[in-house]
Amino acid sequence: MPSQGAEEMFSNPLRALWARGEVPINGWLSIPSAWTAEIMARSGYDAVTIDLQHGYMDFETALAMLQAIGNTSAVPLVRAWWNDPALIGRLLDAGALGVICPLVNNRDQAAAFVGACRYPPQGFRSYGPTRAASRYGDDYFERANSQILTFAMIETAQGLANVDEIAATPDLDGLYIGPADLSIALGLPPETEPSDPKFFEAVDRILAAAEAHGKIACLHARTPEYAQAMLGKGFRFVTLGSDANLLSGAAKAIVKALKT
Amino acid sequence: MPSQGAEEMFSNPLRALWARGEVPINGWLSIPSAWTAEIMARSGYDAVTIDLQHGYMDFETALAMLQAIGNTSAVPLVRAWWNDPALIGRLLDAGALGVICPLVNNRDQAAAFVGACRYPPQGFRSYGPTRAASRYGDDYFERANSQILTFAMIETAQGLANVDEIAATPDLDGLYIGPADLSIALGLPPETEPSDPKFFEAVDRILAAAEAHGKIACLHARTPEYAQAMLGKGFRFVTLGSDANLLSGAAKAIVKALKT
Amino acid sequence: MPSQGAEEMFSNPLRALWARGEVPINGWLSIPSAWTAEIMARSGYDAVTIDLQHGYMDFETALAMLQAIGNTSAVPLVRAWWNDPALIGRLLDAGALGVICPLVNNRDQAAAFVGACRYPPQGFRSYGPTRAASRYGDDYFERANSQILTFAMIETAQGLANVDEIAATPDLDGLYIGPADLSIALGLPPETEPSDPKFFEAVDRILAAAEAHGKIACLHARTPEYAQAMLGKGFRFVTLGSDANLLSGAAKAIVKALKT
Amino acid sequence: MPSQGAEEMFSNPLRALWARGEVPINGWLSIPSAWTAEIMARSGYDAVTIDLQHGYMDFETALAMLQAIGNTSAVPLVRAWWNDPALIGRLLDAGALGVICPLVNNRDQAAAFVGACRYPPQGFRSYGPTRAASRYGDDYFERANSQILTFAMIETAQGLANVDEIAATPDLDGLYIGPADLSIALGLPPETEPSDPKFFEAVDRILAAAEAHGKIACLHARTPEYAQAMLGKGFRFVTLGSDANLLSGAAKAIVKALKT
Amino acid sequence: MPSQGAEEMFSNPLRALWARGEVPINGWLSIPSAWTAEIMARSGYDAVTIDLQHGYMDFETALAMLQAIGNTSAVPLVRAWWNDPALIGRLLDAGALGVICPLVNNRDQAAAFVGACRYPPQGFRSYGPTRAASRYGDDYFERANSQILTFAMIETAQGLANVDEIAATPDLDGLYIGPADLSIALGLPPETEPSDPKFFEAVDRILAAAEAHGKIACLHARTPEYAQAMLGKGFRFVTLGSDANLLSGAAKAIVKALKT
Amino acid sequence: MPSQGAEEMFSNPLRALWARGEVPINGWLSIPSAWTAEIMARSGYDAVTIDLQHGYMDFETALAMLQAIGNTSAVPLVRAWWNDPALIGRLLDAGALGVICPLVNNRDQAAAFVGACRYPPQGFRSYGPTRAASRYGDDYFERANSQILTFAMIETAQGLANVDEIAATPDLDGLYIGPADLSIALGLPPETEPSDPKFFEAVDRILAAAEAHGKIACLHARTPEYAQAMLGKGFRFVTLGSDANLLSGAAKAIVKALKT
C-alpha cells in the first residue's frame, strides 16, 4: 500500500499491475474479523475484498478490517451489500480503494453506482475521507476520482441483457461475474464453477462487452484449475478463494485425513 | 451435544468416546469469532477448543463461540490463558465442558487447577452456571464435577521434571503436550512437530506418567501424518489443526497454485 | 430446529405446526444480546423474532443471536428495519427462517418484500447462504423458497386501505398486526392492546383479507389475556412478550413488592 | 437533559435556548466510542452530534454514545448517513433529540426527511421509542413531534438551487451548511472554512431562505475565529470542533512543541 | 447519582440512605448489555450491581453499563470476578461506587480487597480515575476513600470460620451473603433461598459478626417474600432480582399462561 | 515499523533511536478505539502506548489498536494492567514491542515482569506469537528476547525504596515514572506535573538508579514545557500527551474560545 508520508502521489497499485499487463489475484473476506483479514492479506494476494453482501460484517468491523489490511501490501476492496451510496461513501472514507457493486441491472443503476464513488462533478460522493486522506496522503481528494476502482456485477437476467449499456458507463472500471447468481439467472443450479454451455455463453457475452468498452473483466473462482482455465478467455482480474470456504475446506480435509 | 430438554442425564460425550476406546479429534480455535468457531465445529471434529492463551478472544467472545459451537455436535473445550480460577469458573459457567490449563509445573498448581473446575467439597468452583445449566439440564450441578474435563499442559522443564506428581493429581483427567513450548523447554527451537530425540524422550516420559496414573494423554499436532505417527505411542486424544494456521495455509496454497 | 446432519429434508417447523392446526407462540427480541436471545428461546416459545426495527441490534449481533437461538428448538425469525432487500438477504443468509416486514402499504411493496425472500425466478434474492446452508443442510437452496416465511405488517392507513391487494400477493405467507402503529394510523393513541372499536374493525378487515387469500394472520400481543381473547377471532400465530418489556415489568414488580 | 421522573414536560433544551435568543454550540462526534462521546459532551457544548455519515459508528455504537451523552447536560443529535427513514427512526427510538440530514436536494426529499421524524399524521415515523420514552418521560409520544429537531443540509448545486422550497418545508426546523461539500458543489476545493466570495454568496442565499421561512441556520465550523466571523451573518446554531480533528490537532501540536 | 457540575461534594447516596435508617434494594446485572443495565436501573432499585463473576461481561461492557446506569438515579456497584486489584481499580476508575468481592476467606484477603479500593496510604489503589473524576466531580480523589463501598462475600467454609476477623477489617463496609455458595459450603444443595437450619445458623453468625464490628450485612435474595422474611434478622441491604432470572421467569410464565 | 517481507532482521526501532542518542517521544492511548489509536500514531510520535491499566480497553480492542498502529511508523507499546504474565504474553503475541509494568515494588516483582517478556531460558514466556511473527518476520522468535522492551514503573513508597535493586534487574530496559502515583506515595496530591521538592528528590533517586545500571529512564509528562524542563535531568524517553486529555483539553478550549 502507498504508505503515509510517502512523497509519491496517491495511486492505486492495481492500476499499475494492469498497466504492466499483469492479472492481479484477489482474496475474498466474508468472516467478520480483522484478524482473519490480516491473515488473508498476508497470503500473497494482490488485493482482498471485504464482502458486505454475503459476508457477515457491519461497517465498524469493515473499518477494522481495512485497518488490518493496511498492515500489508494487499489492496483493500469492498463489495457493497447493495447499490447504496451511503454505504459506499462510508467504506471509501474508511480507506477502501475499490468497490464491487452487486446486482447491477442497467445503465441507470451503473451510473448511480459510479456516481456514488466519485466526487462532484463526476459523481455525488460526499466529502469527509477522514481515514482515507490520513492513510493515503494529502492528495487523496484530488486523485480519488481517478484511483478508486468501480466494478459492476453482472449476475441477473436483466443485467446480462443490458451488459453492453452497463459496460459503456463512463468511469466504470470493470465487470464482475458472480458465477452462482449468474447461473441461477440462467436457470442453472448455483454452482460456483459452472460447466454448462449456457454459462460460458453468458461469460463470453460479458467478456465481449467488457472488451468493447475497455473495461476489466473479473471472475469469481473457487479453484486454481478453474481460474486458470477461465483466464485464457480474457479476464484481467480474478478472485480466488474465500476465507470461510478455505477454512472449512482445510478443516474438513485434515479431519478426514486422520479419520481415514 | 446433549440437548436441552433431553431426558438423559447430562454427560460429556468425550467420556463416552474414550469408554468405547476411540481417539477423539480436537480442533483448535484461536480466531476471536463465533462464525469461524461454528465453521470449525462443523468440520467433523469430536471437540473444539477455544484457546484463550495464544488465541485472541476475550471472555465475551468465548461465550459467543460457545453458543456457536452449541449448534453442532462438537464438544466445547477451552484453554485458559493461565491457571486462573476466576477465568476458569466463568468459562465453565458459559458452557465449556473441559479446560486445558497451560504451564502446570507441579503438584500444587495441578491441584489448584483441578480445584477451580470442581464444586466443593472436591474443589472451590463458585456456583452460578447460568448458561451451562440451561444448556445441559437441571442435573448440571450434580454431575458437573464428574463430567467436566481437566487437562494439565506439560510444557516446561519444571513440569516435565514433576510430571509424575502432576499426573497423580486426583480428578485430573489428562496431560496435554504443547510441542513448541516443550521444545523450548528442552533447548530446542519451537517446532510444532519436532523430530529431535530429546523431544521424543520427553513425550515418552509424559506418556508413561499418564499411563501410570490412568490419565489421558493428548498431543497438539499440525499434520495428520505426524498425528498418525504419534498416536501409536499411546495418545488417546489429539488436537489436529488450528483455525488460523488452516486458513493461512489454505490461502497461501491457493494463491501459489495460480501464480505458478 | 432441524439439526445439521439430519437425514430429513430442510423444513420450517412452523409450517408443520400450522399443518397440524396449532397456533405457534412467538417471542420478541429487542435487546441486542445473544445471551438474552438464548434465554428467551429456551422459555417455551415456538419461535422468536429478532426485531431490527425497534430493537437495537445491528446485523452482526443479529447473527450472534441466530447462533444462540440455534442451540434451542425455537424457530428464528426476524423483523427487518425496512422493506430492504439487502438487509433481508443478509438475515436469511445468516439463518433466519422467516421475515416480518414493517410498513407494507400496497401491492408493489408486498411483492418487492416477497421477492427479496425468494431466489429467482420467484424473486431476486442473491445467492450466498453460507450459514443457512451449513446449519440447515445441503438442500437449503432447493427448499428455501418454500420454507422461508414472509409476513407483511399492516400498520398504516394506506396498508389498511390496500389490505386485500397485499393479502393477494403470491408467496406471501401472512399478515402481521402491530397494534400500536395501527392505532396511530387510526387516529388512536399508540396502545399495545387497544380496545377501541375502530381498532377491532380494522383487525376484522385484516383477518378477512387474510382468510380470503389463505394467509396466516398474526397478532402482536402483550398479555396472555388479550392474546387469548383475540385468538378466537381467527389469528393463527401470536407474538406474546417482548424481552425488554418482560424484564422491565418483572424488575419493577419485584422492587414494588418489597417496597410496599 | 430532562431527567427521568421529572415532573416537567418532555422538552428539547435547544428550543429553550433559541427562545432566549442564545446561539447554542454543537460538538461533532465522528469517533465510534461512547467514551469519547462522554468526554466531548462534558466539554461545555450545548449539544453534540453523532455523525453517522462521515463518522465511523454503526447503530449499536450510536446507542451506546447516546447513553453516554445521557450522563451530561448536552443535547444529543445525530447526522444520518442518508435520508433513510429506517435509520432515522431507530436513532430517534434510541434517544436522539434531533436529526441532521445530508444531501437534501429538493422539496420532496425535505418532506420525506421531516416525515421520517414525525409520527402520523404529520409524518410516518413508526412507533416503538423504547429508550426515548424511558429516558424522557411518559409524555414522549405526545410531545416528540414538537420537540425533535430536523435540519436539512444544503450542500449540493441542486440543493442550493432549491434552497427556498426546501426552507419552506413545514416542520423543518433548520438548514445546515457543510462547507466542504458546498464548496465542491461550487467548484471550489473542499475547504472546511472557505474564503471564496462564491462560497459567501451561497451562504447568504441559504441564510436568506432560512430567514424568509423562519428556520434556524447552522454552520459547521472548525475554528472559533471563523465561527465568530460567520455568526454575525445570522446563524443561530454553530458546530465547532470535531472529535477526530481536535484529537489529531492537539496531538500533532504537542509533539511539535517538544520536537522544536 | 450526584451529577456533574453539582456544587455539592461527591458522596455515595447509599451512605445517606443508611444514615437515614433505610434498607436500600439492589438489582443484579448479569447480562452483558448496557441496554438491559439501563432498563434495570430504571426499575426502582436504589443500586444495581454489575456481576463480573457469574455474569458474562468483560470490562469494556461493564464500562458501557456504568455509562448507561449513569442516566438514572441508581448507584452503580460491581462484583469483581476475583479479589483482583487490577480489575477492581479499573472498575472504580470507570465509575463504580462500590465493590462486592467474592470468596473472602480470611483477614489477609479482606485487607487485600479493601486495600485495592483505597488510595494510599489507606490502600494501594493506583491513580487514574478518568471517568470517575469527570462524572463525580473534582473532589473525587479526596473523597473516594470515604465514599467507595466495600463488601466481602462470606460463602466458603473458611470464610465462615473466619467471619469475625474478616468483619473486623478496617475500612470494610459490609458482609455479603451469597446463599448458593454458602449452602454448598455447608454441604447443602445450592439453593438460592435456603430453608435449612444450618443455613440460618450460618446467617446468624455472619449477622452477629457484622453487628459486632459495625458492618452492613447484605443478603442476595430471589423473591420479595424471602427477602422480607430475612430483613427482620438485621440485614441492612438486600439484593432482589437478577436480570437473567427475571427475564427467564417472566418469559416462561407468559408462555405458560397462554399455553394452558 | 519493520514491514513484513523486509529482508532486514526484526528489530525494535526505539533501540536504534537510543543508539543514535535521540530521545523518543511516546503518546498515550487510553481510549478503547482502533481509530483514535491510528490518529494518535500518525501524529508524529516515535511510539504509542496502549494503556490497559487506567485506559479502558480489553485485550481484543488492544489487538485492534495494534493492527491500527501497524499502519504507521510509531512503535507499539503497552502498559499492562498488572504484573500479569498471562496478559503480557497475550499482548506480545499480538504485536506489542514493549511493555510498561505498573507498581513494581521490588527485585522479585521486577524479575517476574521481565521473565514474562522473555522466552526460556531467559524467562518463561509461552510460545505462540501468531500475529507478531507474521507482522515482524520469521526471525521473530530468535530476536524477540533482545528486541522487546521492558519498563518497570517506580510509583510506590516501596518501589522507591527498592529502586536500586529493581534497576539492577537483568534484561530490564528501563524505569518509568508515573508522577501522580509517585506523588501520592510521597504524601503529595496526585499532580501530573508536580513541583514539590520531595518529588524532584525521588526523581533524582530514580534517575541515579537508572544511570547506575545502564537503564533508560522515562517520564510521563503532560505539557511540553514540563517535559522539556525534565529532559535536562537525564531522561532518555518521554511520554507526552494522553488521547483522552488531549481531546478533552482541545474541546474545552475551543468551546471556551467561542463562548468568551
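General observations
Labels A, B, C, D, E and F are assigned to the chains in the order they are written; within every chain, residues are numbered from 1.
Simple rule for what comes next: a contact is a pair of C-beta atoms (placed from the backbone, for glycine too) under 8 Å apart; a residue touches a chain by one contact, two chains touch by 3 or more.
Note that the structure is a prediction, hence the values are computed from the model and not measured.
Identification of common neighbours of chain A and chain D yields C, F.
More than half of the contact pairs at C-E come back, by residue number, in A-B, the repeat among A-D, B-C or A-B.
Ranking every chain by how far its Cα centroid lies from the centroid of chain F, the top place goes to C. Simply put, chain C must spin 180° to overlay its Cα atoms on chain F, rounded in steps of 5. Here the CA centre of chain B is 34 Å from the CA centre of chain F. Distance from the chain D centre to the chain F centre is 39 Å, each centre being the mean of its Cα atoms. Residue positions 32, 35, 39, 42, 56, 58, 63, 131, 134, 244, 248 of chain D are each in touch with at least two other chains. Chain pairs that touch one another, listed by label: A-B, A-C, A-D, A-F, B-C, B-E, B-F, C-D, C-E, D-E, D-F, E-F. By the touch rule above, chain D contacts chain E in their complex via residues 4-5, 34-35, 38-39, 42, 63-64, 67-68, 70-73, 131, 134-135.
Contact residues on chain A toward chain B in their complex (touch as defined above): 25, 27, 31-33, 35-36, 39-40, 42-45, 56, 223-224, 227-228, 238, 240-241, 243-244, 246-252, 254-259.
Residues of chain B touching chain E in their complex: 58-60, 63, 84-87, 89-90, 93-94, 119-121, 124, 126-128, 130-131, 134, 141. Contact residues on chain B toward chain F in their complex (touch as defined above): 30, 32, 53-54, 56-58, 61, 81-82, 84, 102-103, 155-157, 178, 180-181, 184-185, 187, 189-190, 244, 248.
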